[in-house]
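Quick notes on the structure that follows.
Letters A, B, C and D name the chains as they come in the text, with residue numbers starting at 1 for each one.
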């Protein structure tokens, strides 16, 4: 049978995860290290998806659940139906991001990811000092890790200068064609 | 010029929903040789059959094609109907318009066209059908029952009580099966052994039952009514004729630490042993793998202590041959071990048990004499967790099906625990409670309401040990996914019921089919639950799918009735769909050149040599001849025959070619 | 499915044994799994019965593809019919090659009575494959050969 | 013997001691590491949390480079990189995904490169050598911590057991150590949030340290730079969540082996740790 529901249909298309397979045993939630911090745990999220209503989908995209998921994949590892929840989370994060429905808790996480990717975009590799700086700028957490950085430096864990790869142009293009290209975003 | 009648069935809407039955009937009328064609709502119903009979008489039909369901379902029905109208039953064929057409295609032109093609194909076949007479073969009125659990016991007793001989074989040293391991049984909580052991004794004493324990089926040949079974009697190393069962031997046996199968590994047994005190026969066998003498060549203490000199060191396996007319397979099931569950510790925690092990703990005949104690330190668990669906309904673990009995025995376990440990706390993690059955739901409610078992809806993610406690990480999905952590003293897994080890090989020995999980396949999911696809072989109990005791006993009696029914005839009527070697006028007599390739092909040694002699008695030629009693009609010989002299009735070259032609010529 | 071929509806004949594949195909029905209408099943007692001259005849008469399917090894209702069939298939393959017949047009498989889904699969993939290969036109060769053999049912 | 080598960013930065120890024991076990030329970052969690195609393209470039360089097998010590490369290789088995990604990176990609982690490298090429060359048995009671990225998703990585994995424990036994049976081998330490949600990281890593401490482990052994820097550099924050502050050091498996082989602590970068290593 065709799946006529827009929400679960699109999800199936992009992640090949069929939410109908979930029989709500809750094993994913039982083993989730951050379930208690989430607005609602993974199994509940799967249930919301099963309802297929716009209003519940909205709840998901605006929740901190999708952002607090660490992709540790314990849920997938233990799911009796082998449902790839981490993949679903990735997809939902992208959706939430593209439709600007970020939960407040998501902001620092997104800032971090963005700073991380920026640093790659320009150097090809992660430039930790740049990352931290960028993150602080984005998140206004100017004082965070102030104690950490010097010791890192002393222990020779920080490069003050970024490592640059030769083919930075190539990397730039990869970004241009993917994340910086509005067309690649799942609608 | 043949006069074929075609009857298209709507099967309610099962066929007519996607196939234009009326048009198929109209179109087929135009086919050469079709005298009469009509469609009707339920062809198998009484008016439907009457329709066919009347048509046969009115239109003097010499062939009938019924386009309806699978011939595996209703071929006998319609052939009988034809016979009643005076048409030879083998002039009736069925076109499978339901399973092979209407159910597997969407509504549309193509589907109706295919239906027409299928019918036309059978029309072309039936034009070339020949009237055949059924073959009669004698029946050996003796049954073989394989497996001495409650199913085998029930089937044996029921057959034996109809006055027929039964041979019951059991691979273990005693009959009784899993039921003998159970503590108390749901939903009545009566003691399993109290109701089972009398039956076991009855089997041993029944004049019509020959019991072979420690025995397995070695090979099976023949066919319904005439099977030849070779049975391997494994060497017991103890002469049960001399043995009095006094027990001196196993009290003295120095090998005392062998995990007892009967106690599911929780207790120990000796190398020479009787599995349990109420065993039937209550006489020991020697487990050669663990016996000092067989391992190191010395010990023989049992021999020294045996007052009757019953020990037979050099006894070897013995193969006996039995002729039987029917077989009931009751080989039962098995449960997954705790080591099957990574998330629950790969079986490394002593106090994580399977349901079967808990049965032994709770059983008065068990290693703790019925006291619930932790295998690790012998203390009484104050907090116990039961995990339902451990492995069942778990495609990731390769077991998508529901094991059916777990919901009930888990409720029973929790109840037994609460009855034995009054200050104890028991929690059951479940997904659904499946308590379909007389007084089953009430039983579960009793566990919850009267014995205050704490039922939590959710699956457990993992179990780990810390400071002698088992930390259970679960969830309560009814509280929108609140995590539940319990520090338990014991965890019991309701592990999935699986087919018994060796089921596949046994099925292959008997040529019966089995499902992907190696449970034996019944002939029809609804209407032939105890038959297999091989005539004369029947199923009972959990070897077909997990089931509880009442169901098993019911099925066993069902199989017994089938056997008794078969034995109520002196002769067996078999379909004449067998091979024949052609005959023609002298001087050729037969196109058979006597190469006897067919002989090499035949799995049943049904091909004999026949000498054709002239008047003077001189042998003119030797040709092949088929023994109709032995031929099963596989037709392998037909494909082998170079001169096309051997052919198979009902699937003749002419018929098969006609079918293929009809599909393509248009 | 690509469109340029979609108007081509291949004719495919399935030669199956009564005990495993025929029953398996019944199960496909009872489980309401859908498959292409192109395949029509001819029922044999056993794959051991299947005379490969029948396959030739099928091609000669315009079949675009053929499926031969029976019980898994060791599961044959008649003990060894499927082994004979397999051996015959292996030798027959050579003959077909020799006659310039494209053996990709013959799908040889095992489907047990419990494998309803597998049957639907085999039918659909075979139909797809034969669609790719296109209509089978070279069968006249076979026809001539058969006439020389003056072989007909 | 020669083998391809993808260090990844953290081995060049905050976890350079991992790099140093890998190189050091590779030398000691005469394995020659051939670094992939001009390699880039794998994108880590950031990429696949934000954009799927990016999360496939960055690793794809790395794999393509390795193939172009004629490497057959590449060792990836960083569990995060190892995971991303493996997952990408798996995802790109899908034809149209591969098509899209190769268009993006504009490089040819066959997908037949063999990707292994450090443990696999040692298991396959060095077990007997290690055994032979142990000079200072690593006689310590330790907790082997595998984390997430090294073993999950099992269907793709096909490495070790899902729960209670054993490969590191075996390695430790091999060098004379005593790996304990504990409960948090594969629980997540929260590394992904190391900077963005330090509070959560402290909590998760706290549970891990607590259990190791309760079972009196002298050290925690890891094979992932994320886990290491979390449990080591974030110890201050973690200790605030613990009843009793913990000073259990966190070593890379390669450092432990290095010590057993008699490599100097300096060469192994032990002095770079925040929590001093007194073993």
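As a convention for this text, a residue touches a chain if its C-beta (ideal position, glycine included) is under 8 Å from a C-beta of that chain, and two chains touch if they have at least 3 such contacts.
Please read these numbers as outputs of a predicted model, since none were measured by experiment.
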*Is the number of contacting C-beta pairs greater for B-D or for A-B?*
A-B
*Report the inter-chain centroid distance for chain C and chain D in whole angstrom, where each centroid is the mean of the CA atoms.*
52
*asked:* Based only on mean CA positions, could you tell me how far chain A sits from chain D in angstrom?
replied: 21
*Provide the list of chain D residues touching at least two other chains, using ranges where the numbers run on.*
162-163
*Find every residue in chain A that makes contact with two or more other chains and list them.*
74, 82
*asked:* Can you pull out the residues of chain C that are in contact with at least two other chains?
replied: none
*Which pairs of chains touch one another in this structure?*
A-B, A-D, B-C, B-D
*Quick one: in the complex, what on chain B touches chain D?*
342-343, 345-346, 348, 462, 464-467, 471
_Help me check something: in the complex, which residues belonging to chain B touch chain A?_
343, 389, 393-397, 431, 457-462, 473-477, 480-481, 483-484
_Which residues of chain A touch chain D once you look at their complex with the stated criterion?_
14, 33-34, 37, 68, 70-74, 76-77, 82, 84, 86, 90-91, 93-94, 97, 108-114, 116-117, 120, 124-126, 128, 131-132, 135, 139, 144-145, 147-148, 151-152, 155-159, 163, 165-167, 170-171, 173-175, 177-179, 184-186
_Sites on chain C touched by chain B in the complex_ = 9, 11, 13, 19-20, 22-23, 25-26, 28-30, 32-35, 37, 40-46, 48-52, 54, 57-58, 61-63, 74-81, 84-85, 88, 112-115, 120, 152-153
*Tell me, which parts of chain D touch chain A in their complex?*
9-10, 12-16, 38-41, 43-55, 57-58, 61, 103-106, 148, 152-155, 162-163, 186-188, 190-193, 195-198, 200, 204, 233, 236, 271-274
